[in-house]
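Structures incoming, each one as structure tokens.
Each of the two complexes below includes chain A, the first together with chain B, the second together with chain C.
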Partner chain A sequence: MKISIRVFASLRDFMVPSLELNLLPGATVGALLVELCRMYPPLDTAIFQSPGTVREFVNILKNGRNIHFLDGLVTALQEGDVIAIFPPVGGG
Partner chain B sequence: MTDTSERYQRQLPLIGETGQERLSTSRVLIAGAGGLGTTIATFLTVAGIGFIRIVDEDTIERNNLNRQILYREPDRGERKAEIARQRLVEINPEIEVQALCTHIDDQSIGGMVRGMDIIMDGMDNFSTRYVLNRAALRQKIPFIHGAVNGFYGQVTSIIPGKSPCLRCIVPHPPSADKVPIIGVTCGVIGSIQVTEAIKYLTGRGDILTGRLLLWDGFRGDAAIINVVNEPDCSECTGEWAGERG
Partner chain C sequence: MPLYWLFLPALRAIFIKGKGKYLAVMHMDAYVGTIAFADLTLGRVNVRPYPDEMKRKYLGGRGLGTRMVADAITPETDPLGPNNVLVLASGPLTGSGVPLGSRYEVSTKSPLNDMLISANSGGVFGWKMKKAGFDALVVTGKANTPVYVYLNEGTVEIRDARPYWGTTTGETTEALKNDLEDKDARVACIGPAGERLSRIACIINESSRAAGRGGCGAVMGSKNLKAVVATGKVPIRVANEERFNVVKDRIRKKIEENGICQGLHNYGTAILINIINENFILPVRNFQKSHAKEADKVSGEEMARTILKRPKGCYACIVQCGRVCEVDGQPGEGPEYGSDWALGPDCGVFNLKSVAKAGFLCNEMGLDTISAGATIACAMEMSERGYLQEKIRFGDENAVLNLLKKMGYREGIGNELADGSYRFALHHGHPELSMAVKKQELPAYDPRGLQGHGLAYATSVRGGDHVYAYLISPEVLGAPQKLDPYTSEGKAGWVKTFQDLSAAIDASGMCLFTSFALGADDYADLIAAATGMPIDARELLQIGERIWNVQKIFNLKVGYTKKDDTLPDRLLTEPLKEGAPRGRVWQREPLLDEYYHLRGWSEEGHPTPQKLAELGL
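Take a look at the complex of A and B:
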């Protein structure tokens, strides 16, 4: 199944701003992140605090909904989903 | 031609006499008089917003001057809100500006936002932004969120009853560490925030409700992410989730 990924701000230092991935049916957001980190190894420490734990301020939206309010890393993906990953900025 | 219609001559074709009248009777709270706040205050002032309340507890330091465009070298040590007020009424004597050199928290915010038409986010930390978000929800006042870090910025317009709140979009804030910051990014993001305010107050254009604009000045790229209300949000408790499209 095809999943679109868009990343923002400092994460763009580690990978392309957007891409499409073909994942096996049933894949989760966690599996997607692991795949991204395999493709772009420096992304790993930018996203993960420790294996399996995403840094708290890295917001991951599935079709506009923060996975914090869904099932976190085990949130299931469906064909055509758009995943946005952004570390929000906080200065002013 | 009166002084007033001459002052706004070049924007009247965009918003009309009625729109200008709406701006001149509007009351706007600017929370923070830093990089975002001074940009926001400047453009609200030249646009002719009738009443501006600007709040900041800090004094001016030299390292503010790369981005906080209302202050000058000799202002160091003075209170930001008060200097901002003086400069703004010099720029446009037809408006009223009130300076509050006060800390913003859940106790003080209620009185600050009462009677305001819009709350503008000029803060430099998320804990105070959540205070503004709560006050906006409680008093049903639009809250125009903006934030910056380096060449990156973000903007969204939170309209209670119509859009997700700040906590729906950013349940976990970035760390409160001091971030690199450059004037141009404050200029871009603050200007977009004022664009949002003018559209809202004059009832024109499409507002960034349910949409987060992410600015990447480093790559010259702006993107929009659509965002939705969260039934489990701890701030708005998904009060408006039923209206999800």
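Take a look at the complex of A and C:
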């Protein structure tokens, strides 16, 4: 299944701003992130505090909804989903 | 530092010989200890000591200004009449040397909505006002001809400003500094919009930092006050330097290590464009949409890649979220997120260069970028719906630039737009198209997908506003913890705490952005070390609550009631159409009742006698 990925701010130093990945049905957000970090190794420390633990203030959205309020890293993906990944950002 | 210094405020001051005729008092409690008064009707100035009881109850900045304005005017006072009062006040931490301790506040009765408001600005002016020997300046009356107030080493003068009247903020600033032959002087002034009493005119210091909301620039204009100039080298001393340095180092480390603050340095506040857009809560075309495919074109990332020359900070800032940009050879500062949104996506414009130019123009005119952009967006929707004769179309970036000029000089349709969207839409028979709360335009976050932030909008004591309680932090950014933006549970308590803490931070002189990294304990520790007053986090929040209630009481007397604590109908009845929050509206109940209850107010939103007694009001 095709998943669209968009990254922002300092994460664009490590990879292209957007891309599409083909994942096996049943893949999760966590599996997608592992695959991304394999493709772009510097992403790993930017996103993860430790394996399986996302850094403080990093926000990952699935179709506009923060995965924190879904099932976290085990949130299931479906064909056509859009995943947006943000390093810590703020303002006012 | 001897212990008795903490308990005997009068001893925390020593007399020093000031420059010229004034014998200054050097306080050892982070205040310089004096307030300047300028009566422009009589042409008289006065210098009075800073009342000690005000320090403990209101700290300074927004607290001092709010109290002084509330005491000096009535709810019936004409905001553009000579009886209105304008207070420019720093806080005890302004210029104390703590990182991000740079802010000053402008408090007055708003000509936009008649509320008792405070508008916050950074830059260097707040620090410079203290170096000039004053914690605050209080302006009353109206001069017969244009004047400026000159603060220098403990002296205050009213001077002729006729040569500067009619010039833009940048021209005024440069001319005053040149004429005074003082490159270190700092200038807070109005532009053509303030001179023409635009109700959305702001005060600009250092040519680009704005005390933006509520029309305080028009209050200056109504007094024929073109500018305030501050210069001098009066020392600022804290009460317990050893302790202050320890707390300061702790705070510096927290800010430096905070990921959000690091992002602000690299991309500025416009870094928010993408995350707000991806959450489907970016208001587009006057809140008709909440998402735009083109949003990245006006993002902080795009700015860093194209027009950014360098980051810039306020006094003692280690974050440096300000942007120095250049567009087609024209240098300028900004746009910040709120300006970027209002002059960009809200007007359907996604050309960053044009948005930046519009921001530069607002600075020169002395127009509040949020209200100016949102008012144009309102006019665009009215035009597209056929409610106006003028053809003003969303996405027309040249129309935005032209209208801003017309607003600044009150030419043509700009004459009407210069008073904000509420009056404009009402005049043309469609007040429902003004996306404003209590006549002030809403900022850059659609509350239909943000239940807590919506409550902050509805209850803000200065009308549509986001910095009196920035619930975006927990509801979108995840700081200090992630809160589900779609639910109401517990949000009333969060809003109250954020409102009280923000009021206290505004009173202290610290930048609100420190709250991404610091908690109430940190601010209390800083204030205690700087002032010698043994204030803890609980007392700090109570100071904020006191300030909030003073503003609320005044606004109730003006006539704002429970029915006004709400949002525009569109946000209550027209569900979002896109993305995860699709189908949502802002739900007023039971949030509002719960909020009143937590505030200790009646069911109608009036502070109870018990609450007033508790706060010493």
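Heads up, the rule we're going with is that the second predicted complex is superposed on the first by the 89 of 92 C-alpha atoms of A that agree within 3 Å, B and C clash if a C-alpha of one lies under 4 Å from a C-alpha of the other, contacts with A are read in each partner's own complex, and residues count from 1 in each chain.
One rule holds in what follows: a contact is a pair of C-beta atoms (placed from the backbone, for glycine too) under 8 Å apart; a residue touches a chain by one contact, two chains touch by 3 or more.
Quick caveat: nothing in here was measured; it's all calculated off a predicted structure.
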Task: For A:R6, decide between first (touching chain B), second (touching chain C), both and neither.
output: both
Task: Give one of first, second, both or neither to describe whether A:P88 is in contact with chain B, with chain C, with both, or with none.
output: both
- line: Contacts of chain A common to chain B and chain C in the A-superposed view 6, 8-10, 12, 17, 56-57, 59, 61, 63-66, 68-69, 84, 86-92
Field: chain B contact footprint on chain A (complex, rising order)
entry: 6, 8-10, 12, 17, 56-57, 59, 61, 63-66, 68-69, 84, 86-92
- prompt: Along chain C, where are the residues that touch chain A in the complex?
  reply: 258-264, 266-272, 274-275, 278-280, 291, 296, 299-301, 321, 336-338, 466-467, 470, 472-473, 476-479, 482, 484, 486, 512-513, 516, 579-581
Touching residues (chain side chain B, partner chain A) in the complex: 32, 34-37, 121-126, 129, 146-150, 152-154, 168-176, 178-179, 181, 186, 210, 214, 216, 218-219, 221, 223, 225-228, 230-233
Field: List of chain A residues in touch with chain C within their complex
entry: 6, 8-10, 12, 17, 55-59, 61, 63-66, 68-69, 84, 86-92
